[in-house]
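Same chain, two partners: chain A is paired with chain B first, then with chain C.
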Partner chain A sequence: MPKVIFHHDNDETDVVESPDGTSVMKVALQNDVAGIVGECGGQAMCATCHVYVRDGYLDRLPEISEDEEEMLECTAAPRDETRSRLGCQVVLGPDLEEVEVDVPTSQV
Partner chain B sequence: MTVDTTHPRSIPSADWVTIPDLYADPYPIYRRLRGEAPIHWVPAVNRYLVIGYEACHTIELDQERFTADETNSLMKRSMGHSMLRKDDPEHDIERKAYGGVLRPKAIKQEWTRVFEQSFATYLGRLREVGPGADLVKEFAAPFAAENLRVIMGFENATQEDLQRWSQTMIDGTGNYGDDPDVWAAAERSSHEVDVAIDEMLPILRDRPNGSLLSVLGASGMPLEALRANFKMTIGGGLNEPRDAVATTAWALLSHPTQLTSVVADGRWSDAFEESIRWVAPISMYPREATRDTELCGLHIPQGARLGIAVGAANRDPDVFVDAESYDIDRPRKPHLAFGGGNHFCAGAWVARASVVNVALPGLFRELPGLRLDPDRSAVCGGWVFRGVTSLPVLWD
Partner chain C sequence: MCPPPKSEAATTSVVVIGAGHAGVQAAEALRTMGHAGPLTLVGDESAPPYQRPPLSKEHLDTADAEPLPLRGMQFFAEQRIELCTGASATMIDRSGRRVHLSDGRQLPYDSLVIACGATNRSLPVPGSDLEGVHSLRTLADAEAVRAAMAGCDSALVVGAGFIGLEFAAAARKRGLPVTVVEAAARPLGRALSAEMAEHIAEAHRSTGVDLRLGTGVTAFLGDNGRVRGAIGTDGTEYTADLVLVGIGVVPRDELAIQAGLTVDDGIVVDEHLRTSDPDIYAIGDCASFPHPLQGNRIRLESVQNATDQARHVAAAILGREDPGGYRELPWFWSHQGPMKLQIAGLRLPDDRALVLGDPAEGKFSVCSYRGERLVAVESLNRPADHMAARRLLAEGRAPAPERLDDPGFSLKVFARALEPTP
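Our next item is the complex of A and B:
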């Protein structure tokens, strides 16, 4: 099963397996991973599922849509021009069997 | 070996709660209820009131167990069947039709100058009335109404029309007493909105712009759904930013040390977010249980009418330290004032842009010595919708 590896600020790590079609935001919410809020349920509307995707996975992600782009300008923690994504827009599947992300220290 | 079975407790009944008490000040009631359980049956409002943060948040994220499509909904009667009372996928189709109209890019390109124009107009009106003016009546309400009028595309209406439509249809949505005069006023407004929409649609088809009516008119949304969504947006798009302006101003004027910090460091966003946590403009909204289920150890029967009291959840001491206080320096935690999940407020960024970036900093910049009128107290009211309804202010 695909998996997401969440790295936290305190050096703790959550490794969570989840079926194809699940977004990184949903994986976090369904498994009580700290630091991901996901207020709007995945509509790219709230910028509270911000993650920094680690090198090595970035080229497997879909393009940043216009909706995601404007939300990435509204994140609580500073945006990283190459690594910042919304967790709700990063979806596990055949093209993304595994992804490793750093969870920002704040979402609100 | 025996298998543990869960035995959910039955929900306690709170027959001592009355609507007038809730309207006057719901927070002492919530404090008393909270000591016993996160959900209570409240006969006076004919609902199970859900007051715990975790319970409210769980319900928001679970439309399978807790539908937004409530039976005998007063909102449906007052405004028609909008997406606010639908679940996905039906809700999602209508939500997507709103497109980018209420999102940050359009706000920056089109609406910020509208907010600035409205601010100038109604600051002028406030000054004309002079010290002692009611900040709600002379500024917050017309400011919110005029912004909404332009965003929605009502070139054929005034901000006063928007205020009347919003209030009467919201009164219908909250008409638990089934008052025929309230229904008559709501129906009159509903009809006026239909006429205004019908008049504007062909005009905007010939001359499209960035307004909500122009975008929805071109989206293929059926007219009945368009009308219902428009009425819901008139309701939610006016009273909430109005109340957020007034309640935040009142909170800051009542907490001078915090006001000093906000002004010195431009912390208008902190002031606003804490204000809507403290007094959520939409404090309660309905859901309905689709099956017998369990939540926070309590048994909820199928068909149960639930009142999701986010105004109470936002003061849950399990989540917020010293939750009853207005404190811009509290540890930042997500509040539920904009709702959560698929029904997360579509106007959240419009509210933030108009209130945080324009109205609040502008008022405190342009009115030196802004302060509460010592002779006339601010008036607060409401529990379904709650805010400062009158705020007499003085300035130098």
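Our next item is the complex of A and C:
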């Protein structure tokens, strides 16, 4: 099963397996991963599921849509031009069987 | 699953009635801001707290029936939030400062937050209790609608509001014939500009929705207890084996009324979201509050309103409220098929509507002005306009109406030009 590795600021790590088709945001909410809020329910509307994707996975991600691009300019923690994504737009599947992300210290 | 209330509280205790977006966010914010005492969250549904907005959107057209949780279950334990699901509050005893629950328990409180939301307005016509006549608000409602969509031949929607049109788009995506009847002359109520509402109406018609405005339903027709159609107010007979009634909501104010709190289309609160009892607050869909941008009392049904009010009320309970009162900019969204509608601010029917962009491309915004002041921006598939509008409206630094005629004018560029250089 695909998995997401969440790295936290305090050096703790959550490793969570989840089925194909699940977004990184939903994986976090369903499995009590701290630091991801997902206030809008995955509509790319609130920028509270911001993550920094680690190098090595970036080229496997879908293109950033116009909606996501605009929301990434409004994140609580600073945007990283190459690594910042919204967790609701990063979906596990055959092209992304594993992804490692750093969770920002603030989302709201 | 709820432990018995503690007999003595070392510090103040807070009870939150309602485990939707507002209630859960209030509980979390109380802990984040340092509330150390007992904290109980009461929810009358049996499911752990979940997100409602997806229920009328992607939940209807994806295979994944799992609702999106508001928080994981460990969260409540880790934050020492006593979560009482499947229990409803039956009475607020203000003199004894206790909330009575349906299972007989009593929860003492020093501060009480009412966040019990709203219920769907029912249609008082014959046949509305037939099997196959649905409404959509809770997870149980959504599961019934999903199951009904799987085996139905045609759908009738009563009410062209957000829920009705989101459902209509999902039903068309599945290839179902869909008729929508709406009593008003245009969809989405008086809150939306005519320019945007008419564009959305045409877009639904172009995908095959039979949208009929200025008409309603006088009765549902059934066979053996199951709906098979409806009679319209103009005598038209509709055939449908799935009916969705989406004609708005009524605030859940019965607890407040019984407790003697002031109620007027929602539980009346002041600028700090306090009810007429200073130890009791009300937030979210059930609260009627004064909004400085609107100049009158309003009640809003949105995630933004629920979560922003929740954060404000947590600060107020802890004695750290913003002295200016609650004044966050309202914003909303709706997904209807390929249309992503985003609204920032609040308009009134007489506000002047100026269109930015080309509606023919399916991407444009409507800027509403009250005199010279921008009060709301509705954006269709223009997220940059929406995000800029939220900043500009919140800061009160919106462009004068004549600026919109500048060649190539963009809200995003205008907003960026206002930002201080680092």
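Keep in mind that, in the parts below, the second predicted complex is superposed on the first by the 108 of 108 C-alpha atoms of A that agree within 3 Å, B and C clash if a C-alpha of one lies under 4 Å from a C-alpha of the other, contacts with A are read in each partner's own complex, and residues count from 1 in each chain.
FYI, a residue touches a chain if its C-beta (ideal position, glycine included) is under 8 Å from a C-beta of that chain, and two chains touch if they have at least 3 such contacts.
Model, not experiment: these values are computed from the prediction.
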Between chain B and chain C, positioned on chain A by superposition, is the outcome a clash or a fit?
clash
Is A:43 touching the first partner chain B, the second partner chain C, both, or neither of them?
both
If you stack the two complexes on chain A, which partner ends up touching A:32: first (chain B), second (chain C), both, or neither?
second
Between chain B and chain C, whom does A:67 touch in the aligned arrangement: first, second, both, or neither?
both
On chain A, which partner's contacts cover more residues, chain B's or chain C's?
C
Once the shared chain is lined up, is A:59 touching chain B (first), chain C (second), both, or neither of them?
neither
Determine, under the contact definition given at the top, whether A:21 touches first (chain B), second (chain C), both, or neither.
second
Can you list the residues of chain A that meet both chain B and chain C?
29, 39-41, 43, 45-46, 66-67, 70-71, 73-74, 108
Chain A partner contacts - residues on chain B that touch it in the complex:
61, 95, 100, 103-105, 273, 332-334, 338, 340-342, 344, 346, 348-349
In their complex, what parts of chain A are in touch with chain B?
29, 37, 39-41, 43, 45-46, 48, 66-67, 70-71, 73-74, 76, 106-108
If you look only at chain C, which of its residues touch chain A in the complex?
21, 51, 53-54, 57-58, 64, 66, 68-75, 78, 303, 307, 311, 333, 335, 340, 342, 383-384, 386-387
Seen from chain A, its contact residues with chain C in the complex are 21-22, 26, 29-33, 38-46, 66-67, 70-71, 73-74, 108
